[in-house]
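Have a look at the structure that comes next, please.
First chain written, first letter: the chains are A, B, C, D, E and F, and each begins at residue 1.
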Amino acid sequence: MNVLVLNPNTSADVTDLLVAAGRAAAAPGTELVSATAAYGVPYIATRAEAQIGGAIALEMLAERHADVDAAIIAAFGDPGLLGARELFDIPVVGLAEAAMLTACMLGRRFAIVTFAQALGPWYEDCVAMLGLAGRCAGVRALGGPFRALSSVQGEKEGLLVDLALRAVEEDGADVIILGGAPLAGLAPRVADRVPVPLVDPIAAAVKQAEALVALSPRKATAGTFRRPAPKTTTGLADALARRIEHRD
Amino acid sequence: MNVLVLNPNTSADVTDLLVAAGRAAAAPGTELVSATAAYGVPYIATRAEAQIGGAIALEMLAERHADVDAAIIAAFGDPGLLGARELFDIPVVGLAEAAMLTACMLGRRFAIVTFAQALGPWYEDCVAMLGLAGRCAGVRALGGPFRALSSVQGEKEGLLVDLALRAVEEDGADVIILGGAPLAGLAPRVADRVPVPLVDPIAAAVKQAEALVALSPRKATAGTFRRPAPKTTTGLADALARRIEHRD
Amino acid sequence: MNVLVLNPNTSADVTDLLVAAGRAAAAPGTELVSATAAYGVPYIATRAEAQIGGAIALEMLAERHADVDAAIIAAFGDPGLLGARELFDIPVVGLAEAAMLTACMLGRRFAIVTFAQALGPWYEDCVAMLGLAGRCAGVRALGGPFRALSSVQGEKEGLLVDLALRAVEEDGADVIILGGAPLAGLAPRVADRVPVPLVDPIAAAVKQAEALVALSPRKATAGTFRRPAPKTTTGLADALARRIEHRD
Amino acid sequence: MNVLVLNPNTSADVTDLLVAAGRAAAAPGTELVSATAAYGVPYIATRAEAQIGGAIALEMLAERHADVDAAIIAAFGDPGLLGARELFDIPVVGLAEAAMLTACMLGRRFAIVTFAQALGPWYEDCVAMLGLAGRCAGVRALGGPFRALSSVQGEKEGLLVDLALRAVEEDGADVIILGGAPLAGLAPRVADRVPVPLVDPIAAAVKQAEALVALSPRKATAGTFRRPAPKTTTGLADALARRIEHRD
Amino acid sequence: MNVLVLNPNTSADVTDLLVAAGRAAAAPGTELVSATAAYGVPYIATRAEAQIGGAIALEMLAERHADVDAAIIAAFGDPGLLGARELFDIPVVGLAEAAMLTACMLGRRFAIVTFAQALGPWYEDCVAMLGLAGRCAGVRALGGPFRALSSVQGEKEGLLVDLALRAVEEDGADVIILGGAPLAGLAPRVADRVPVPLVDPIAAAVKQAEALVALSPRKATAGTFRRPAPKTTTGLADALARRIEHRD
Amino acid sequence: MNVLVLNPNTSADVTDLLVAAGRAAAAPGTELVSATAAYGVPYIATRAEAQIGGAIALEMLAERHADVDAAIIAAFGDPGLLGARELFDIPVVGLAEAAMLTACMLGRRFAIVTFAQALGPWYEDCVAMLGLAGRCAGVRALGGPFRALSSVQGEKEGLLVDLALRAVEEDGADVIILGGAPLAGLAPRVADRVPVPLVDPIAAAVKQAEALVALSPRKATAGTFRRPAPKTTTGLADALARRIEHRD
């Protein structure tokens, strides 16, 4: 089984982190292939960037969907996820959704802990969109700048653990999600310093992609995720235009 | 006061409908200026198209925001609305949000009546995103094809009235929103055939834009709609890149 | 367009504040006329007073509704609002509802900041009645007495700004509503001391009254806000009795 | 123990029905005393009438609260209930609230069945105000006129049973509340024709009044139901003015 | 009227506390009979223990239901309550449900105050199961060990009062429920030290059992609490097997 | 990896169905071992039976948890699931929870389709307990008797497909869950006759068990799923008593 790890950001080093952490969780026979956005921003952190990055994710999927069994939109917040599920036939999974649904099996309420304040509102919108606000104990984010995206997990490790501890003690979290693609792979390293289960979103996403492929769900031809009827387009990226116009 | 009517679709004739209906509702001294997307789809009808169209709306706003006092994202479903509120300093209003909030003052529960089945799921997501599911009696959409977008309101007038009547009788709607930009201006024409108030979204949006300008709200420098810190970008449309990078 | 500013309290000096602040927001051609309750309490602050004041508001509307295009029930908490919408044919707007719906276009979550603890529970009931609890970051009220209703906004200006700052920092409010009729006109004076948009309820209400008149909604003859069938009454105020008995 | 059955309507014959049905449920030692509104409407059926009738209920309670151990506001919909709990020291119970809370112990979801369409919206607002929408399977009301309020339960008996059956079969109700004071005493007569438990609101209210008296709860001096501080009034009914001004 | 006070725990001294406190609230003519679990745990404090204890409660009810008019499952958290309502014909009441529904008539939001941290999560699940989360200001529990279950209310009296005060001041509770069977009878002793009404769950449960008996509700033969069709069983306790197999 | 398929019912032939269907979904290296309840009922269909069956599930887990890496409580409705997560150190998954969370990645709203009316209320309680009511389009169940549990999926195949089609067309379901252990393995056989994805709960549960094991979550020592402190027990099954008393 081939699973696409699609990073809708331009940071190739974060893609590498994601693939490495994802491989550690994959079942025998699951191959991860990756793609990094050719344009956009280094990391999506706001609603505006998610709007733009989600459109980029759809372009990237239009180019690659035929070659894989499933895809992971590998930015926590899942830009473009619902649109992708309409447009393409393969299962598509998001880091945030996969992490939250997985966390629901490990406790009553999860908290999301992340490395930058700017991410908070977008993550909260994401919880609400999934209808999981009642299962979320809160979103906690570190303040202050960081040196580099691909090394932020090392730089802030201690502070992130402290934040997780506060989420457990003050917010009543039963599970902690380490949110944000640049934290991929951090969970196993700090698991013994936090007294509740940790969820690494890319690990959760790989397993959920495997779960969906195992169910071999048919592409809906009814309901709200059926493929939209063909529509003319103007000036869109070529592969995306072909997909929307039913020329592929 | 100048208000931008920003159509994130490529259908200039729908822009004309919107401007005409909007002018009928505008106060003395309110000027409507318009813009139509140079690329994209003729009308946004799905989550995928809203993802793409919302990014286009941000590009268009980046080019024009400095010249107007407020902007209306003139596609029902409000693609890019929340991102626009982060990124720009002027008030930005959406057709769907303006219509729903206005409808809340005319009844306990509103129904959205529209001309194509494909629009339903996106509209429902939009109701949920606003937190107004408890005030919504349902979304009803006509089946069947239509000849042309700019004349669909005439072609389907009788059927839309029938659908509105069913929303009142069967769903318990106190107010009807005629959703979808191509229906702009229809409400006054059929008002005497529906026994509850009708809301024309572009009329509501013009009035809400005027309301926000009258309050002269400051741009937030705190909270979740403060302008994001500058960030480097790659390959984005020029005006949008300048805005995100704080070069304007 | 004539809009009635109906103060269901007996404080004529607060009516004057409301009218002055409302005029500053009104469009050209909007005339504000006012009325102050002849009996009742100086300011409604509790559920019991809102019950009584709402009945007084209906009596006042029964006397004046035929002479105006719309009415504003100008006590934050909107006593009698839903009953008024059943009974009369003109649009009726409430300070609290107008402020909250307007605030929804300026941020994800609004906070209500007010000048007296006694008002809190009534305001919270009002948020719940509108179905907007998910959009409300909280209600914060000053403790301690105040010298006079009509000058409380000056007396407490600094404390109210401090409370607004705490609502932004501690409660995560994106917008602040300065609740309570006696604070009418305060928002513009303190706007540069609070880092998020402020909403002045009377300004919002005037604009929303204009919005509803612009839509020229028909009086419902179906749904839950149709005019009730005639009913006999005993001992009610004359104009109200005539309205309920369909003698006007 | 003396319990006041306070009918905020002017129909003395309905008061008699209520007292008779209430006595059948009362424990040994519970005395029911009654009061009927001297002015207002024969039966409250709309939000406007509830606004007016609730103010009348507060006037009536102001006159009689010192002579009883508890009071029942004996109109389904509970006009003035929350205000009464602020203003007075004795427990106050409402027909609708008592019926719904009691019904929660007899099934997962209750339906309210009543005799006139006009009552529906007010009852639904009442369910929402209690926060019990998740426990309510729906409100069903008969159409068509009725001859006399005090005999409507006999006139419509068969139709009400049919409506109850439909609520069970089509809405999934586990319990039926026969809503509306004029239906007092009907439940025992038709119990064997409906396959789920029936709740007679006045019986429930008498038992809940007894429950509250048995707990001998202190009057709150904190929280949102503490007695409001004294306030000057103008032109209110004498006993009510004395209570609000702390002159009693 | 005979009411069974069924303690699904093995602590006979707590049963005695419950019966004593219950008798103080009972109406003339209400007899309390009691039963204590022959096996299980001394007090149920977790979800696992509630699962086990609820099955024990069903066994105990199977043995005794024919001899009483109603039953109280006398562990706060109500293990087995919904199953009991399916299986048996008599009204069955739970301490937690009865306390919460009663508290709803004494304030807008109740808090639950209890003597051990371990109880918190189970109590919160219980609030959610009832659909009353919107009426609950929170669950507060003492930390630290206690000497003996049957004397914990004396040992911790001062600390419990302090916790109740914090629930009023910090959580906005209008009413306090003293949760946990071992606190039976504490409320009247400390009522004058807490500024809002207190609810003693066993007192509330006795009154609610009386309320249900007074309504003489029929056993449902439709809806989700009708008696399940007979089913074969293997190895269950004899009386329970007979009841499930319709041999009684 | 060893995963226990724990059937808390006494029907060994249903266990066989579950294991066969589960194996088809398992990754290389996942071994399924099974256990069938030695006492109880042939299939759990009501709240009372779930109460009893959940206690049996805990007993069975106490005997086997040390020998496996994860366990599946293999009755749709998940009796004992939350208690199991407190008491044991391994991940525990439920058929209903796994199916619903998986379905959330395949559509906006799922419907549950099952073979017997008696199961409906329990399934609905289960949806509510998970906080997923907003994602559930409804529960639909066949009426009428069936010949044998282990062959009901063949006997009712056509009727179940019809019911699924109605859930799609009338309830707006994007995904169908075939609920109830006796339907294990049916989904792949009928997938091409239903126009939306189908979820087979045992397949989903096996994949979710694999997902949790891959995350190697630590046993919580804080939060609401930490292992409860040791407690004395009386008369419980031996292995369960040892686990509760911390003697294992």
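Here is the rule we use: contacts are C-beta pairs under 8 Å (C-beta built on N, C-alpha and C of every residue); 3 or more make two chains touch, one makes a residue touch a chain.
The model shown is predicted, which means the values in this text are computed figures rather than measured ones.
Novice: Tell me which of A-B, A-F or C-D has the interface of D-E again, with more than half the contact pairs shared?
Specialist: Answer for the repeat of D-E: A-F.
Novice: What is the chain whose Cα centroid lies farthest from the Cα centroid of subunit E?
Specialist: B
Novice: Need the CA-centroid distance for the pair subunit A / subunit C, whole Å please.
Specialist: About 44 Å separates the centre of subunit A from that of subunit C.
Novice: For subunit E and subunit F, what's the span in angstrom between their mean Cα positions?
Specialist: About 29 Å separates the centre of subunit E from that of subunit F.
Novice: Could you check subunit F for residues that touch two or more other chains and list them?
Specialist: In subunit F, the residues touching two or more other chains are 108, 121, 124-125, 131, 224.
Novice: Hey, which residues of subunit C end up touching subunit D in the complex?
Specialist: Within the complex, subunit C contacts subunit D at residues 10, 38-42, 45-52, 54-55, 58, 79-80, 82-84, 86-87, 118, 120-121, 124-125, 128-129, 224, 228-229, 231-236, 240, 244.
Novice: Across the complex, what residues on subunit E touch subunit D?
Specialist: Per the stated touch rule, the residues are 25, 27-29, 85, 91, 93, 97-98, 101-102, 104-108, 130-132, 134-135, 168-169, 172-175, 187-188, 191-192, 195-200, 203-204, 206-208, 210-212, 214-218, 220-226.
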